[in-house]
Amino acid sequence: MRIAFLNPFGTAAYDELVTDALTSAARADAEVVVQHLDLRPENIDYYAAKHLIEVGIMKAAIRAERDGFDAFVIGCCYDPALTQARELVNIPVVAPLEASVGISRAFGHSFAVVTDHHKAVPEIADRIRLYGMEANCKTVTSVGWFVNAMVRDTEGVAKDAYDASARVLAESGAETVIIGCTIVSACYEKVASSGNADYQKLSVINPNIVALKQAEVLADMNRQGQYRISRAAYYQPLDQHDPVAAAEVFDLLS
Amino acid sequence: MRIAFLNPFGTAAYDELVTDALTSAARADAEVVVQHLDLRPENIDYYAAKHLIEVGIMKAAIRAERDGFDAFVIGCCYDPALTQARELVNIPVVAPLEASVGISRAFGHSFAVVTDHHKAVPEIADRIRLYGMEANCKTVTSVGWFVNAMVRDTEGVAKDAYDASARVLAESGAETVIIGCTIVSACYEKVASSGNADYQKLSVINPNIVALKQAEVLADMNRQGQYRISRAAYYQPLDQHDPVAAAEVFDLLS
Amino acid sequence: MRIAFLNPFGTAAYDELVTDALTSAARADAEVVVQHLDLRPENIDYYAAKHLIEVGIMKAAIRAERDGFDAFVIGCCYDPALTQARELVNIPVVAPLEASVGISRAFGHSFAVVTDHHKAVPEIADRIRLYGMEANCKTVTSVGWFVNAMVRDTEGVAKDAYDASARVLAESGAETVIIGCTIVSACYEKVASSGNADYQKLSVINPNIVALKQAEVLADMNRQGQYRISRAAYYQPLDQHDPVAAAEVFDLLS
Amino acid sequence: MRIAFLNPFGTAAYDELVTDALTSAARADAEVVVQHLDLRPENIDYYAAKHLIEVGIMKAAIRAERDGFDAFVIGCCYDPALTQARELVNIPVVAPLEASVGISRAFGHSFAVVTDHHKAVPEIADRIRLYGMEANCKTVTSVGWFVNAMVRDTEGVAKDAYDASARVLAESGAETVIIGCTIVSACYEKVASSGNADYQKLSVINPNIVALKQAEVLADMNRQGQYRISRAAYYQPLDQHDPVAAAEVFDLLS
Amino acid sequence: MRIAFLNPFGTAAYDELVTDALTSAARADAEVVVQHLDLRPENIDYYAAKHLIEVGIMKAAIRAERDGFDAFVIGCCYDPALTQARELVNIPVVAPLEASVGISRAFGHSFAVVTDHHKAVPEIADRIRLYGMEANCKTVTSVGWFVNAMVRDTEGVAKDAYDASARVLAESGAETVIIGCTIVSACYEKVASSGNADYQKLSVINPNIVALKQAEVLADMNRQGQYRISRAAYYQPLDQHDPVAAAEVFDLLS
Amino acid sequence: MRIAFLNPFGTAAYDELVTDALTSAARADAEVVVQHLDLRPENIDYYAAKHLIEVGIMKAAIRAERDGFDAFVIGCCYDPALTQARELVNIPVVAPLEASVGISRAFGHSFAVVTDHHKAVPEIADRIRLYGMEANCKTVTSVGWFVNAMVRDTEGVAKDAYDASARVLAESGAETVIIGCTIVSACYEKVASSGNADYQKLSVINPNIVALKQAEVLADMNRQGQYRISRAAYYQPLDQHDPVAAAEVFDLLS
């Protein structure tokens, strides 16, 4: 089983950090290939920038399918281009926020999200509303770090994420915390895996691993004919309506 | 007052229809300029295609501001690129679905949406949920027309929209109907304005005109210092965080 | 275009303040006539008092229509007698809270309301729930002023409204604030228009102007046959069911 | 214990029917006095008419308290003037819709409402939303009878209510039905109590009796110091803020 | 009328406290018999323990019906085994949390719950959600007492409940408080009834008395053929589907 | 990796069917042991019966942990005793309905549930509400089969499930269907895996396999220190509060 895990940033700077975060989590029979984008802008944090990066994500999803990957993970908690990618390809597409909220009740009665910075808060909140899980989300808050600064101080990020998570658990009534940024989570886990018991014990959900494991599951189910994604409307591909137009769109994305 | 009204399609085919729909509705002191995109794909109906078209909408919003327009209307009920455009420019950006649900209670106790085709239904439903108005929306349904077929039979479209609206009013408990497609609405109004009393009487909300009028209002308020859009997060422009990155994004969108 | 803007208080004390608030906002072709009631009790703040004042509002709406006004604005954020007035007359009836929540998403991702005093809080919250917008309302809070005290210290009211709005933006997660009292807002704008940059920049929604502009819009649309208010049930007039009883009710309200 | 049960109609026409409906239900130690209003308009069905009748209800509540009643029941499922009356008097005020939805889960997992006519549907739906019980209400529907016609054919009303209730139970997923009109319910119970086993078995909630019993309960609790109604805001009386203004309002309602 | 009020604990330790709490509240014609369970574990506070105690509650409900009681009250705000008991017996079964939320709006615009300890919070919140009243519940909080400690310091419990209720009223926006634990409430009322005016005035809802009074009401209505509980599904007894299996279950519960 | 999959029925009758359903789905390194209960009553369909069976499930969970299983799956879409089991043991506990709703959005924009019979409908609906996913659930419906009849006609069950699923997809607006009964699903998959293309193509979610795969995932994560279940309250074990009482409860469940 081969899984493509895309860091949707126009730089290789986060690849090592994320590779480390995933290494021990994958099944023995699963190969995870961490990828990044090769485009401008480099960062995804604002809506216009995110939109341009999502064009790259669509292209990467198509390429992953053509390259024979069994699943494609979009490694960012905005879950950028998730619906578009599911529309475009037949291999399972997984996104970390969707996967994390879907498994959150196995971790606690209700959850909160701790994401990177203030700009992400309304976007994360909107996605949780669309995912239908707003009723169980106590709050969305942030630690005030932008991705390009994180690589320079992963321990500082981890500490702020730990503090914010502990605080939100104490104050919001949430029982578990989704770390709502793949890079913040990778920083957190780097410290946790180095032996910090406090970090290991706090009830936080790791979106990188949850996404990876859902990719393994859906790849398995797909192979078994059990991933029966609905092509009724939301994920209906354009070629069911207009093959010529669909070919043109694929062309534009190649 | 000059208002840019964009048909977000890669063709001039709908410009006349929409111009006719808006002509008599604008204030005496408002000039409405109907525009279209000049890109591929031509149609906006599927998510990947919509995403590519939204790149064009972002560019058009930036251009409209540079060209001195007082407001920019995105003439499609997907409200495509609405948040992105508000992030990018300082002139008011208006979208027809958002404007229509916002005024719907002046038309009736609850509303339904009649949009073009099945693919649009989940997208419209998602947007209404994000706009916070799901509680008053009885249902979202469609007439089964794609935009590129509509121009060839505007009367057929109008008739189907009338029938679907009348039916949804009778069956869903909704008291008013938002015609959730600017082109379907333009077809409907063409028949209504030609003297059809049944069409004139039905409680349907015209998204083209509601959007245009909101653009007039926000342009007025903007001039008076009363359109105090929050730049706290959702509509915060990138240059407040990183002017260099913002310049690059504008460059990519020019 | 002639618009009646009613201060629903049994005194002329607020007419000047509100007239000032509206003067520069109206379109060139719109004449705004500020009115007040001539009845007891003078104030609207408690439910029984409000109920008696609403009888006056119904009469004023009927009179406005008879006097040839093109729209009738109920100048109080309780939106008192709104449904009753829409049932009674054919000219558009506009209320500031309904209009403000309807346009709030153009100002920010979510909103809060800052109203006058504690008694108004549950009423405002109830109306927002009925308007279907509870999902996007973070909180309703108040500044602790009653209307009859406000005219004696408009600057004090403005300062408290500014402080409360700034605080609620910082603490609640809301991105914009609806000033949920027409008189509080008029006090605020008096200071803002006198040149206070802080007041000018804060993302607050002015309910007086938003209501006035919606009245302009609906009056325009009504003239164009585009204000197709549903008379199915909620706004159905009594004479559609029983003309004799309807005549009696009009008699009682004349 | 003495309970005033007000038919909020300007006629004695329904007093006998309602008296019959309540007679056997009251506790041995409770005297129920059925009252009606003495004002115009006679009927409550439209919003303006209802508003005028509510002035009479406020007066009747004040009078009931002065006359030493232990509780006051507003005998109409619009729950008209409920908040106003609670604000005005210290004896418990009960309304049939609020009482019925509050006890509905003892009757079934979810409920529907069958009210009198189409005009009542949005008003009932709004009240259920404000009461916080929308989540468990499957639908609100009506039988198409106006009150003044009901007295002339109580059996016809009963039959239509039975049929509508049976149908809504079969089709909506609701497990129990609130008969959302006190007069429709009285007609229904007249047939049921005459021995019709079908009517006796259907899971319908009788709002007259549920209201009466809640009045008994709250009167008991009030006597025991256990009806600790909050006077914080929603039910805060005006004299806590302004005794002079409160005296004037009471004067206007005497 | 005879009402069984079960303390669902495996000890007689709370019987006197609860008996005192109910004594003066019952109707003259109602006899209240306070019962407890005779099983292990003694306490109900954790889910597994609660589950075992609920087996005892089911048995007690069957026994109460066999012993000719007119209603059965489950004296714990977890409302344990409520649905099971309603499925098993024909006499009305009442539970204090369900009864309290159902009458809460007669006490104030919105409510909060103050329960015993942190473990109860998610369970109470879940039940309020299922009861359909989440929209009007501002928060669920606790005083940090476990039942077996309460009997040793009823005044300390009362004081903490008073403080927590006052605080939640001041901070949450709720207007009234449901004391969400029958023993906490009994402690509170013991102090209130001894003459403490502060305790008497605070707007708190007494779940013991509200449950008892609802039992009186439903027993009355049951006798009058007016407690038409739906046996469609949620409360459908097993013998309607399979009498042999039903007999076996009753056997297991005897 | 060893996973216990419990058929929570007091009979071995379904073990073969479920074993067949799971066989090809498990990972190569995972051993699935299908178990059943050895108690009365045999069936779980009514609340009292379910409650007694849940005692057996709690015991089975404790036993599975003692027997060294890596995860415990409760093989019934009521998700019976789920919270209790998570409170009692440290190995991951998985339930099919919770797992299925959590992954449903990867299958379609919204879902419906097709469960076995009418009695299950309110229970399933309640659980979905508690899981926080009511917003995305269009309807819960049933096929009218009880489990003990299913083993005698697995093809008939499969056909009815297919028909009901196809109908609910066509009529409710849901895009995918959770087969809300493990045995109904096993019947369905038996036909699908025998080569029926219609059954293979319909967008239905298989709760047996989704639960099994979530068990694999959580077992993996648990081994890696990544299943950080919150022990704050909802899943807090009794021994954190009272070890003596906890020992007694374990004793009662051994």
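Going in written order, the chains are labelled A, B, C, D, E and F, and every chain counts its residues from 1.
Heads up, the rule we're going with is that a contact is a pair of C-beta atoms (placed from the backbone, for glycine too) under 8 Å apart; a residue touches a chain by one contact, two chains touch by 3 or more.
Just so we're on the same page, UniProt names per chain: A, B, C, D, E, F = Hydantoin racemase.
What you are looking at is a predicted structure, and each value in this text was computed from that prediction instead of being measured.
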Equivalent interface to A-F, taken from B-C, A-B or C-E so that over half of the residue contact pairs match: B-C
Distance-maximising chain from subunit B - centres being C-alpha averages: E
Distance from subunit E to subunit A - Cα centre to Cα centre, in angstrom: 44
Distance from subunit F to subunit C - Cα centre to Cα centre, in angstrom: 53
Where subunit D touches two or more other chains, by residue: 109-110, 121-122, 126, 129, 134-135, 175, 232-234
Those chain pairs that satisfy the touch definition: A-B, A-C, A-E, A-F, B-C, B-D, B-F, C-D, C-E, D-E, D-F, E-F
In the complex with subunit B, residue positions of subunit C that touch it: 24-25, 27-29, 92, 94, 98, 101-110, 129, 131-137, 169, 175-176, 192, 200-206, 209, 213-214, 216-218, 220-221, 224-235
In the complex, subunit C residues that touch subunit E: 121-122, 125-126, 129, 134, 139
Residues of subunit D touching subunit F in the complex: 109-110, 135, 173, 175
Complex interface listing, subunit E residues touching subunit F: 40-43, 45-49, 51-52, 54-55, 58, 81, 83-84, 87-88, 118-119, 121-123, 126, 129-130, 146, 232-234, 236-238, 241-242, 245-246, 248-249, 252-253
